[in-house]
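Take a look at the structures listed below.
The two complexes that follow have chain A in common; it is paired with chain B in the first and with chain C in the second.
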Partner chain A sequence: MKQWLLPKSSLPKLADTIRQTHRLYAPVRLPDQVAFGEIGEGDPFTLDYANARTSVKTLFFPQAETMLRYERSLDRYNDISATPVDSVPTVVLGMRPCDARGLELLDRVFGQGQYHDPYYLARRQATVVVALACAAPRQTCFCHAVGGDPYSGDGGDVLLSESDEAYVAVAQTTKGQEWLASLGLSEADAGHLATAETIAEAAHEKLVKMAPAAGLEDKLTALFESEVWGEIAEKCIACGTCTYLCPGCHCFNIQDRVLANGGIRLRSWDGCMYEGFTVHTSGHNPRPDQGARWRQRVLHKFAYLPENVGMYGCVGCGRCITYCPVRLDIREVIARLRIETAAQLQGEQ
Partner chain B sequence: MSSLPTEIQQQIADWLSTGEIDLFIGWEQGSVPLGATPAFVRDPQDVSRLIWDATCENNLTAYLAKFKGQKVGIMVKGCDARAIIGLMQEGQWTRENLRIVGVSCPGVVDARKVASALGITLEELDQAEIVDDTVVVGDQSFALADTIHDMCQTCNRRNPNIEDVHLGETLPETPVDDPFGHVGEMEALSSDERWARFQAETSRCNLCFACRNACPLCYCTVCFADRTQPQWLTTTSEAEDVQFFQIMRTFHLAGRCVGCGACTRACPQGVNLRLFLDKLRLDAQEVFGYTAGVDPEAQPPLRTYRQDDPNDTFL
Partner chain C sequence: MSAQEVAGMANNPYLPMSMEILRIEDETADRTLKTLDLRWIHEEQAAAFSYHTGQFCELSVLGVGEAPFGIATSPVEEGFIRFTINRAGVVTQKLHSLKAGDVIGMRGPLGNWYPTELMRGKDIVIIGGGFAFTTLRSLIYTLLEGGERDAYGKITVVYGTRAPGLMLYRPDLTAWQDRSDIDMHQTIDREAPNWPHHVGFVPTVVEEVAPSSDNSIAVIAGPPVMIRFTLPVMTKLGFAKEQIYTSLENRMKCGIGKCGRCNVGNKYVCLDGPVFSLAELDELPPEY
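And now, the complex of A and B:
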């Protein structure tokens, strides 16, 4: 696999080149956050950032989208007039490996099995994902504990690695290979490659030590009836911030917005943290308290998804930890559950 | 981060071991910089986990609704205490079921301000600690007073007005010249300009409901926003849903909001919710001479009628 050199000084020119054929999203530094924005001519963007507050999933799986429109007229009732699908050629530049792994997860959920999601997949297929490896993992980063890595290429088409005033760019997919070849870059020289290697080593040293989640999936379902969930969830205020910021969360609602002459079928984000998530029309709620809802969150991410699609539903990006209004830390939840599974095992012996 | 004084720890432990309370709600150290986390203590031995310092920003009274009818102990700052009175005014809690540790608060630190002062985002604030009256981040330090939330800087209720025991020294209640000064910004605008300001501020809202869930006075068992028959809003982040929710929540709190600021601190998107809620608090004062959360016997204005109620606010 060729290793190309992308000088940092050439980024604005790269943006212009990309914009000739593609829509471009890149990180933009705002007063109080970094957010992925659409880059127009001369718009500033940066690859010198920790992570965006909102995960990049919003570009592929927006908070609300129209699935179809329908019209009603005298002789035609509820005639579906359009099924909007976004397949505008796009480049997303500079997302972190955790976010790219989030896309890998969504690819499996929305693209495997019996039902495929045309809205998500159209955007995904039309997009070149250029991920940026993490030279400086943060205190809240734990991708390495959930099957990821600050230098993982999963989910991306290209991976950029920090070097001396430049990035080393390596394709991760055929799409990435073709895209890189079209840019007219030079191949990376030995000096830049060596610097990139040194930076990568230092980055791995910075990772906060945390026991890998591996193996947890086999033990968690045994805790289904445990009271530990109620204790874990007691301070949760069910606001859904964790769900909305999570690169892996993907539950949604479908409903119709009905107007006099037609309407739209709307898909919008839902969250298992909300009380109404599982409430039945009878009024019965099989997950009646926040403990049951937290149990669902953990089991979905750490037991069911590994079983169903072969990877955790958590990519270790740390957003939920930083932005939870009551600072409920999923790492502490996992640590607590480890203690509980060990205790349960002991109790059975 | 400091543990509670021994006598306070002993008092809480006594309340628990004698069964005067089943549960004490306080704060303990969190896992991210400058953020304590709520603690639910039932065993007297766990009282040593509890802390009090300028990272204790959550209004714990928002949890009281979950324990309605039980005997609960709780730690409250001056602003939080007003919510207890607000809940008593609305018949949600009785005094005898509460044991209250009141703490005089000079303000709680806003981690975003610290990040901003360093030119970084919250994700990039890896470490920070409070040492006496300063916030120390590596080799940089800031005066704590400069990093407290905006709402704390205009606080005129630093000491709780309801408590059983008091932690620490009572702070002087320095009269604040213009506690509603920030509202003046809205009042100076024309009607169209106010609407534009409201639209701009709430455009950052993505309807996560952190504000509602952190609010001690939002205790409806089924919120209007969650109703499906009829359905009042969908959960998109489009203006029509966001604005409807924000307007309705704000007006549902008219004459009831105690101004604790928990909503604004909870918001992950940094929406300045106080701007609208404090306007209504100011209105309640000016129109009805009423402040929520002060006198448990006082009647909320939208629930009562007086013959001499001013009529000029009605169309």
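And now, the complex of A and C:
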């Protein structure tokens, strides 16, 4: 695989080149956060950032999107029609490997099995994902404990790695290979490759020590009836911030909205932290308390998704830790559950 | 799959078909249930639509929303599709207010179905309670009228409601009561004038009727309390968990295993169900 050199000073020029053929999204520094935005001519963006507050999933699976439209004439409804999918050729530049792995998960959820989600898949297929390896993992980062890595290329088409005043760019897919080859970059020299290697090693040393979650997936369902969920959920205020910021969360609601001359059917993010997510019309709720909802969040991510699609629903980005208003920490939950499963096993023996 | 392919309307699983209401009538005396017969507006969609007994559809009223309903017709009944709807929430309220000729949306068929292949060569016991009888009507109709009645053994049905007026599909029940190739047992909770059938709760009647578990498959659908008290009776009759099937309900939106709310453990009721054997349910947490 060819390793290309992308000097940081050439980024504005690269953006211009990209924009000739693609819509470009990149991290933009806002007063209170970094967020991915569409980059127009001369718009500033930065690759010198820790992570965006909101997961990049928003660009592929928006918080709200119109799926269907209908018109109303007289007292009969005309045929409903699907909103055209968004297949504008797009480049997303500089998302972190955790977010790219989040896309890998959504690819499996929305693209595998009997039914496919046309809205997500169209955007995904039209997009070149340029991931940016993490030279400086944060205190809340734990991708390495859930099957990822600060230098993982999973879910991306290209992976950029720091090498002082440049990035080394390596394709992860055929799509990425073709796109990189079209940019007219020169190949990375031995010096830059060695520097990138040193930075990568240092990055891995900065990772906070945490035991891998691996193995937990087979043991968790045995804790279904445990009281541990109620204890974990005790201080949860059911705000749902964790699910909204999560790159792996993909649950949604479908609702109708009436407009002046017809209406739309839209989908919007929903989440397992909310009581209304599962309540039946009769009032019966299979998940009647916040403990049951926490259990669903954890089991979905750490037991059901591994079984159904072969990977965790958590990519270790740490957003749910950073932004939880009551400081619930999924890493502590995992550690607690590990103790509980061990105790359970011991009890059975 | 290319973007163009997935973008195609035919492949959009969220896009409902337009259906015209042929008939809408009160199904029960208390007027909480209405039956809708629907016809496809587009011929090609009618031609492409095929389903199995026990599947469901999402019905939608534009501007109000969608909700899932079991199909009450049998695949052998051609030209229309039937749903019986309990008035409970906003979508069902709106559906109840519609008239013949109105157009609604329908997505489906969705989910799995009753194991009719497995039933071949076996006796079949069908136990229903209240308004959960919809897909059981579909099943009974399929077994009787599918042109293969001889492929199945004895068919025993126990169907109970609180009162005579709450029985669904009374013309069908009357016709089945008179047939010799189905052993039909209707029951109501308390005595009522001119009621010629059983009186008593479903589990009690099942115990009286005592269908044989030998080379037999049972399907049970009804309120949770009915199921809870019927299962011990079935066990007493010798039915193993592998021989008993039921149909689950959970809150749904997408109906295609994506939106993430109807799961029981790692199974989605909309995709892996709604039909599960008790043996399968035994492997799953009690989350319904």
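Remarks
Operating definition for what follows: the second predicted complex is superposed on the first by the 341 of 349 C-alpha atoms of A that agree within 3 Å, B and C clash if a C-alpha of one lies under 4 Å from a C-alpha of the other, contacts with A are read in each partner's own complex, and residues count from 1 in each chain.
The working rule: a contact is a pair of C-beta atoms (placed from the backbone, for glycine too) under 8 Å apart; a residue touches a chain by one contact, two chains touch by 3 or more.
If you're wondering where the values come from, they're calculated on a predicted model, not measured in any experiment.
Of the two partner chains, neither chain B nor chain C is touched by A:Thr198.
With both structures placed on the common chain, the touch criterion links A:Thr21 to neither chain B nor chain C.
In the superposition on chain A, contact of A:Asn253 is made with both chain B and chain C. Within the superposed three-chain model, A:Ala122 lies in touch with chain C and out of touch with chain B [touch as defined at top]. Applying the stated contact rule after C-alpha superposition, one finds that A:Ile80 touches chain C and leaves chain B untouched. Contacts of A:Thr46 after superposition: neither chain B nor chain C is touched. In the superposition on chain A, A:Trp269 makes contact with chain B only, not with chain C.
Residue contacts after overlaying the shared chain place A:Cys239 against chain B, while chain C stays out of touching range. After overlaying the two complexes on the shared chain, residue contacts for A:Thr140 are found with chain B alone; chain C is out of touch. If you count the residues of chain A touched by chain B and by chain C, you find the higher number for C. Touched by chain B in one complex and by chain C in the other are residues 253, 255, 257, 270 of chain A. Contact residues of chain C toward chain A in the complex are 1-4, 6-9, 11-16, 18, 41, 60, 62-66, 88-89, 92, 102-105, 249-251, 253-254, 256-266, 271, 285, 287-288. On the chain A side of its complex with chain C, the touching residues are 67-68, 70, 72, 76-77, 79-82, 84-85, 87, 109-111, 113-118, 121-122, 125-126, 221, 224-225, 250-258, 263, 265, 267, 270, 272, 277-282, 286-287, 296, 299-300, 303-304, 307-308.
On the side of chain A, the complex with chain B involves touching residues 31-34, 49-51, 53, 63-64, 138-140, 231, 234-235, 237-241, 244-245, 253, 255, 257, 266, 268-270, 274-276, 318-319, 321-323, 325-329, 331-332.
Within the complex formed with chain A, the residues of chain B that make contact are 30-32, 35-40, 58, 62-63, 112, 116, 120-124, 126-127, 206, 208-210, 213-214, 226, 228, 231, 234-238, 265-266, 268, 270.
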